[in-house]
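What follows is a set of structures for review.
Look for chain A in each of the two complexes below; its partner is chain B in the first and chain C in the second.
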Partner chain A sequence: MSEQAIMTEEETVTTIDTEKGNFSYDTNYEYDAGIGLNEDVINYIVDVKDEDDWVRNFRLKALNVFNRKDMPTHWATKDLENIDFDVIRYYLSKGQTPSRSWDDVPDEVKETFERLGIPEQERKFLAGVEAQFDSEASYSRMKEDLEKEGVIFVGSTEGLKEHPEIFRKFFGKVIPTNDNKFAALNSAVFSGGSFIYVPPGVKVSQPLQAYFRINAENFGQFERTLIIADEGAELTYMEGCTAPKFETATLHSAVVELVALKNAKIQYITVQNWSNNVFNLVTKRAIAEEGAEVKWIDCNIGSRLTMKYPGVVLNGEGARGEVLSIALANDGQHQDTGAKMIHRANNTSSNIISKSISIGEGRSTYRGQVHIPDHLKNCKNNTECDALLINTNSRTDTFPAITVRGDGNSVQHEASVSKVSAEQIFYMMQRGLSEGEAMSLSVNGFVNDLVKYFPMEYSVELKRLIDLEMEGSVG
Partner chain B sequence: MPIGPIGDNGLFDQFIASHSGENAWIEKRRKAAWNQFHELPMPRKKDESWRFASRLAFEFNDFKLVEQPDATTIGKVVERSNLNSSALARLVFADNYLVHEDPLSMDLQTKGVVFESFDQAVQKHGGLLEQYLFREEAHLGSEKFVALNTALSNCGGVVYVPKGVVVDQPLLVYHWATKENVAVFPHTLIIAEEGASVNVIDVYQSLDSDAPAFCAASGNIYAEANAQVMRKCVQNWNQSTISFQNDATAVKKDGVTKTLAVNLGSKRARFENQVRMAEPGSHATLYSLTVAQGDQEFDQRTYQSHDAPNAVSDLLYKNALLDNSRTIFSGMINVAKDAQHTDAYQTNRNLLLSPEADANSLPGLEIQANDVKCSHGATTGQLDPDELFYMMQRGIHKRTAQQLMVFGFFEEVIEKFDNEEIKNNVRELVQSKFHL
Partner chain C sequence: MSNQIEIKNLNVSIADKPILKDFSLELPRGEVHALMGPNGTGKSTLAKVIAGHEDYEVESGEILVDGTNILGMEPDEIGRLGVFLAFQYPMEIPGVTIANFIRAALQARQEEGENFDAPAYYRELYDKMDLLKMDRKFTSRSINEGFSGGEKKRCEILQMAMLNPTYGIMDETDSGLDIDALKIVSNGVNLMRNENRGILVITHYQRLLDYIIPDKVHVMWDGKIVKTGDKELAKELEAKGYNWVKNELAVA
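Take a look at the complex of A and B:
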């Protein structure tokens, strides 16, 4: 794409929209592990990143697990069989050290993120930003006062090198390599992602943000995020993701581990807007110790297939877990999302609220697991799933799994499916709104009681994305 | 009838030879089913349709077809086949043999109503049954056991009600297991022609309180346009029995079916119930009530398939769990692309009466039409401690108070039996599980 073309296109892109991420740059990668997956690729990654032997062994072992495990198609969609692991590039980067200053970021990477508005957002309201371009973080910066308080916010590559004593203690402990095939794949080839540590009692009031970008075709992004909130610490983390629309499928398979120690609070917000060719297969799980609180806010708007079930292991007495999830599936998309709540201590409570919207031939699926074993007392779970179907050919599924034993434990699960009420639409159209506008308003109303929990910037962005997805869906 | 272990090819050959009076199409279906039974692997815990179920640890050859029970035994089982004294007609089977029959009134027989044992019916009405018998495909995980039933079944009630005929009193079918290690294969087939109405009750019981037994039962209901079919099952095998029951119902235009299952017995019981809303305006209700105690495991899988628009299905499965018992409820509502204006509900309520009990719930929805009302709900919890306290404060013993509350929990389902005598008998059966 020529410089001129970019400029003119940029001028027309004035608002946030789904097409915003649809551009890519020809980039000369300094490091390229080649195509396909084998031990040589792993060794290449380890050598390039100059990692210790334990990491090499960890990765090689994970590769074994990955090769051994079957695709989970006995319960999941057969679309997974369309992933060809042999044509994917597993590691691509321009360098190993992220820049601390925006000026030092390579031009095409800088332009990428400027078009996506990253530095602006940082100036506006963020405490820190990390931007990942293909395999490695290209930019990472945090406000100085936080640094003084001992907060660590770096790429995982850097975290592994600079803070091995914390990193290693928690790494792979929440999501073990053999958790599932894609967690194993990530464990074998992981690169990038964030590493955050918030020391005891430190409350990070502004959100930390990471931005993930896939630039290259046939590329697999495998970031690994590890966030630790020490006793009484608090933080909010937000991530966004985009990729250009290539002809061929792209794979994104992340592993995100959160550790909330005693009385800590973590809020993790995702707005996933991958292009429609990305297989987004992500494992996300948190451990919440005594009195801790973990909240996942998960919005899935992009991708071809997303399979993501953020979980909380409620490990300490009084821990709380929450998943608020919004999924929007348009033509050619399957949003297979949900939540897992594993109760492992008395008086723990969990809450899952999931709202999905299927447009056109889009398909949304809720899959959940709630587990309360027999030695526990007074655990509670509440699950609500609401699905909205816009067109006659839209599709929705709900597959919860609930196991309860023990004393004084209770769960309730409810799900409903509805369509936009014809009367509401009629009422609004009568007052001069077009059918499309009325539909958008109605859909926004459907998700509104969830969106109000989001930080303002995100709820605004989400509403706009919904408006755009709704365009042309009526009729 | 041949005797011998049920996994044995020789036994099947003898079975076919001894049923040479059957139509050729039945023999063909039996042979295909026998092959299928052998080809299908034993279900494993990893199979999605067996999620949460414990491992199936038995050998088919541990169970056998046995000889006809003696006269004393027959006397006992007939005497105890007394759930309803006013039944219009009654069939009593023991160890797969028809041992007693109270036939239909001449009036109903002349109207063309059929209520006969499986082997009589296929001999006499083979042509009529061809489009119904062994036709409904099982798809909820127990295909292997359904195939076994198809291959070896020769007992159970066959009911046919011609167009417009109303059979107002219940037809009772009793199935007994009387010998150690016996395998029984009851097959129930109910066909209600246009505008017909019928009410059938199946009761499954063991004579001996702890002789091991194996049961693979199957039941099919066909409700034609405007027909009304009620079918109730009381499963009260002893707690050494392994039982599988696979029921399938198809409802045509404006037809109404109501199925009700009371599950009390067996060491482990798997109950699959699939209903197909085949034509517009069909209406199906599925009720179930389960009391699990000791180490019992009740595994229930349901499927409400909405193939046509404007149909209604409503499911309510209630489980009470005592001791170390386990229950699994896995339900699915599937709404096809063109099944607009579907109204489908699915509710599972689990009442945990012991901290060691284990309730699993997998309520599912698969919806491909947009103008539908569908919902499902699952709750698991304990008796309300305030209510319990209230009753205990008024001098009611804790166990009795619990029992009252559990009965309150169950009454919602029991009252659907709409016959006082049967209601009381079922209440008594449920009560007997609460040994004070």
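Take a look at the complex of A and C:
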């Protein structure tokens, strides 16, 4: 790295307003499906959104699957039983259609962006912004040159209506409704999220970005994202979330499906900071066809419980899959995260690097699944899991499940657990750093070799969030 | 007197075992004092207690830094007050570069809203590294990780030079150094000698004092200072060994 680059990067590590993200606006909702989940709610959503009958049937079928499936508590935490599906609002909307220019964006939404700290320059830098304010996109914009190249970047509702020929072909194919209980829930009540299609050979040079947040109490957010990179296409998608703090539990259950066709490349980046009462139960999976490459970068901070295991199905010869993840579990939080790599063709390779930080009573769990069946040749997987413990009550568990059969396939697995010792903290404090600053610095050091692969603004955002989290963790 | 570290009748124990016994010392600004003594006599304990380490139980006494009693203060407050401890065993902080670490320490001293002048910082950092004959590639290496003994000690001196403390406590800075490293480190300390800074050099051996000439030498035995003199005392000690002090005490 050049000297200049080092300085620029460091320049951005500044102090933060700890109140950011901890706010909410009064919002009048034009559409409200009410409390609880039943067929009437589904029909209400379909009617409000004016969706086709195939969508109605898809949703109603999914509701059935959801009702039939048990909670996965035979392997996952019993805390899931504390979700009361009967008190959640499944659909809220202000009813406005997505606006295209910045001037059309309501002032209070602009203020939200302001407070989330999305800088003016960054807005200019962004190729297109799809920001979700509660259920419906309130702002979306795309640069004209992207449109000219045939790139579609819209909300999922718009995608369903205006591009059914592409949407239906892939929708629910990567993650079928019956994949798990929460994928079924999302399939029943989804609204919002992004639909992206990049035509063959088009390389989107600037990242497509979505900011969204939950803004209504007891309101589950069920966005649905489908991204298709056609043959030889390339794109990076960024997703960031900050949620205001609520008194009662909130459910977030998203489904994200990625399709990378032959020789396509998709990079999907998430930096998430949910408030401490959010159940964040997300299913993310990609299919990578011949020569395609999918990279998930996933940073999980906050929430009461996060369960998320981004996966890549390596479907075509030479496909590559990667998951780089960072999870930070503070007091009262449980980060249950990991990765899945399903090898289905020869010469496929996958890489998983997971770093977790547990603080105080915080708990981190890594679950990894790597599957290479015996008829395949020359497949490779590399898995590294590193855990950092701060304070003695932290807990970390690692559950790697690696099934590798047949000769000529190779797999490498490394795991480490380290602690930030009291002597390290003392050393840093002697130099004048507060306890929180010292912990923050060691956490940043721990994730540093991973973060350097992140786009600049996301590594900065992550550092800020870590600082914020560590400040709050000092007694 | 306020321009000094003043330690008065300090009694300190760890796990109920008394370590410092009625220890007293005055270190004025502008002077370099050497604190010598055999292993296990409480030298490093003294350094840690001044820095505010929580493992040590201070039973009685006072430590005044420029007139402010620092007992009970957090280690970071003491650090920002202008007391720097060069560690005998500096800690590794994986993934945190020297440049970022020192920068964070300097920023911790800034007023809220004050801007950090990064280019000026790097100029100063590189100048001081040149003085200490540290390769610039060190700035991007994780602090103390995989460093040799000499590199760790030079890194301590670099931090001290950058943080510009009023008082420097050098805990066995010479241990683990070959003669070249010893010269470089001593040179660094000598460059920091001035009328506004007091330096306490804690050492087991006299050889460091060939390079850092102290204004005073204190000999410590069983938790307190038993002899104070000029630099000749160190040489006498070297020649006669610590048993000489022990025997003198027995006679007294």
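Going forward, the second predicted complex is superposed on the first by the 423 of 475 C-alpha atoms of A that agree within 3 Å, B and C clash if a C-alpha of one lies under 4 Å from a C-alpha of the other, contacts with A are read in each partner's own complex, and residues count from 1 in each chain.
One rule holds for everything that comes next: a contact is a pair of C-beta atoms (placed from the backbone, for glycine too) under 8 Å apart; a residue touches a chain by one contact, two chains touch by 3 or more.
Since the model is a prediction, treat every value here as computed from it, not as a measurement.
Engineer: Touch check for A:389: first (chain B), second (chain C), both, or neither?
Structural biologist: First partner only.
Engineer: With both complexes superposed on chain A, which partner does A:85 reach: first (chain B), second (chain C), both or neither?
Structural biologist: neither
Engineer: Between chain B and chain C, whom does A:54 touch in the aligned arrangement: first, second, both, or neither?
Structural biologist: In the superposed model, A:54 contacts neither chain B nor chain C.
Engineer: After superposition on the shared chain, which partner residues are touched by A:411: those of chain B (first), chain C (second), both, or neither?
Structural biologist: The first partner, chain B, only.
Engineer: According to the stated criteria, A:444 is in contact with first (chain B), second (chain C), both, or neither; which is it?
Structural biologist: Second partner only, chain C.
Engineer: Between chain B (first) and chain C (second), which does A:398 come into contact with in this model arrangement: first, second, both, or neither?
Structural biologist: First partner only, chain B.
Engineer: Could you tell me if A:374 is touching chain B, chain C, both of them or neither one (first, second, both, neither)?
Structural biologist: First partner only.
Engineer: Which parts of chain A are in contact with chain B and also with chain C?
Structural biologist: 418
Engineer: Would you mind writing out the residues of chain B in touch with chain A in their complex?
Structural biologist: 46-48, 51-52, 337, 340, 350, 352, 355-382
Engineer: In their shared complex, at which residues does chain A touch chain C?
Structural biologist: 1, 3, 6-7, 10-11, 13, 15, 418, 421, 423-424, 426-435, 437-438, 441-442, 444-449
Engineer: So in the complex, the part of chain C that touches chain A is made up of which residues?
Structural biologist: 51-54, 74-76, 78-80, 84-85, 87, 90-96, 99-105, 108-109, 112, 116, 118-119, 122, 139-140, 142, 159, 163
Engineer: Inside the complex, what are the residues of chain A that reach chain B?
Structural biologist: Within the complex, chain A contacts chain B at residues 74-75, 374, 387, 389-419.
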